[in-house]
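Written below as structure tokens is the structure these notes are about.
In order of appearance the chains are A, B and C, and numbering begins at 1 in each one.
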């Protein structure tokens, strides 16, 4: 009897763990990302890299003239060196949020691309990991490219700064996992706008442009709950070479975000497509 | 007869209090073209999604190629080609890229899929559109691309949910032609439709569904034979008079249906009946004798028209 | 009422001459009604935005800058006072842009409402002006709210500071008109938003002397400011709110630049609307 190749491939996975939700197709989904990048999304992806560079040029140079140095832990550092790590962390967040919210919302509700994907022998976890994987790849590229700009400018004070690249990937992972989970529950485009509205205050108050120690106690406390603050502290600590135990705490914050995000995303996609 | 490819018994699906599919039984055999005919909301699409292993039944049993979709979703989906009611092509990719990546989603090797893409572009008559963005295609082209995409994994069963809804007559005929070719190649077709002409054209056997249950089952010809007469005489007396005239004509044939816009008279010889009506001094504004269709079967079974 | 009665009645109800003279107002009225659905959200953002920026950058970063530059100040004043007029102009520009670009793409492409409007006695020019008027309205109340917040933060020093309100709206109108013309020409909007956001709006915001004097930028980047409506409006705003020194000639140059932009924007927008609707 003739057995189609697709069937043979699917049968070979029978009995594996999680076979009903996962078929090991993350590489194929990344391949889709690359093809889409080549034929239509390149502008969006490349422009995302531009954002932190513009901020660095504008604030680092312009504000740097008004405020040449800033004191961190008793040591005074160049203003541009102070904001560069924050911009790296923020661009990791922005890329991951875009990929996992707007992008996912359109594919889910408008173009219904996931419906098509899930009619194949893939499962919902493939789709979730594939999308998040693409967000990570993008976060990784942004981090590398931005590093290639700031390191030659002397804005990375320590060799530990190299670890900022994997840290950016971790940050992107956390935001992408949670972003996708939230998006999968969203019903309208307007609800999605709410996420974007929350990003601005987070960006403005998370200590990107000056230390949060200038704030009153209650505001510092609130700011310390926000994920971007931890992202910035993590990357800044590495770039400045201020290695302390708190860095592990910041990283842990994102590990928890990843776990929670992935759990709800898979759960929700399963409910959406397998109802 | 051989074992059925798909076999359902007492298949039921509830969404909260609403019962979309209510205890239906059916078998689909290899190589046949099987249809679900019914109005919108009859439960056809839900039944299709359960077969497609993307929806879990509430009760009853179903086996697809001997497997339970609840337990072996990915393996069953590897056998199926799915053409959904609403196109869900990848708008960020070109026509050829859509076919290619869909094959990859099944885990198929690159080389195999690349060969397949050329073959399917020819089948879908989209060779010239190979590098075009999906957005620029016409409705008919998008549907053909969706069908071609469903074939990339060489499925044994092709499932089409309302394949020609929203297409113009010419695009429909091109599509039907493609589906006939697939049937000739031995692909089992599963089709839902609310168009009786489509069901008559494409289906060897069909079930008529309404409100989640099966009203009748058989080939189009046998259903027409069993539930309608050979011909139908359609008369129009003007919007406000059809009801009244219908009542007067009732004695002249076996069965009569009074619809808001026209009166349908069921008979084996329409022309003869029309002469009798003129002779009795009735003067309809228009009259039409036609063959009975599945529309009439549906009307007989449910007392309602298919498209409301 | 039977069908025939409705048909006869409508001939009397439609007054084509009236539509000809006031069509743009009718279009604006319809658009404002649309806007009212989201009015609380729009107002919320219009108030929250200045507060967040003024606290975070104006006071937070400003405090450090004021310490750093000492009594000379930034352009002679506190950083907050220096920053606020720029944000005011930015708010006007952002507000008009949102209210011209999205409705224009929606009207031509997403919902195609312009085509049904055009099927009535309304002309393309009137639809174009109607959309523009609505944007002006939004810019106006956004700027008034922003101005109120500025006042509450003590960022106004000159008695004629209120003149910054019409100036900011004027700048918003100039940029909005141009963007409306651009949006009306658009066939594929997907990439447009990204290009507009990251390659136009963001550089304008960053390099128009918004956060620091334009002259502190390297010379090869200052040209962005010269062609930026935001810079021209900011210069005027600073002059009006705290007496930033500019020569009378430059005042004329700023107004002239914005004025030319407005006229060109309105002209092309009306023309492109008419052409596209007739296509």
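Simple rule for what comes next: a contact is a pair of C-beta atoms (placed from the backbone, for glycine too) under 8 Å apart; a residue touches a chain by one contact, two chains touch by 3 or more.
The shown structure was predicted, so the numbers you read here are calculated from the model rather than taken from an experiment.
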(request) Would you pick out the chains that touch subunit A and also touch subunit B? (result) none
(message) Please identify the chain with the largest separation between its CA centroid and the CA centroid of subunit B.
(response) C
(request) Please indicate the chain closest to the centre of the assembly, with centres calculated from CA atoms only. (result) A
(request) Give, as an integer number of Å, the spacing between the C-alpha centres of subunit B and subunit A. (result) 45
(request) Would you mind pulling out the distance in Å between where the CA atoms of subunit B average out and where those of subunit C do? (result) 53
(message) Using mean CA coordinates as chain centres, what's the gap between subunit A and subunit C in Å?
(response) 32
(request) Would you give the residues of subunit A that are in contact with at least 2 other chains, written as numbers and ranges? (result) 40
(request) Spell out, as numbers or ranges, the residues of subunit C touching 2 or more other chains. (result) none
(message) For the complex, give me every residue of subunit A touching subunit C.
(response) 40, 43-44, 47-48, 50-51, 54-55, 57-59, 61-63, 65-68, 70, 190, 197, 200-201, 204-205, 209-210, 214-215
(message) If we count contacts the way the header does, which residues on subunit C are in touch with subunit A in the complex?
(response) 38, 41, 45, 48-49, 52-53, 56-57, 60-61, 63-65, 68-69, 74, 79, 190-191, 194-195, 197-199, 202-203, 206-207, 211-212, 216-218, 221
(message) Applying the document's contact rule, which stretches of subunit B touch subunit A when the two form their complex?
(response) 15, 52, 54-56, 71-75, 77-80, 82, 84, 86, 88-94, 97, 100-102, 104-109, 112, 133, 149, 153-156
(request) Can you check the complex and tell me which residues of subunit A touch subunit B? (result) 4-7, 9-11, 13-14, 19-20, 23-25, 28-29, 31-32, 35-36, 39-41, 111-113, 115-123, 273-275
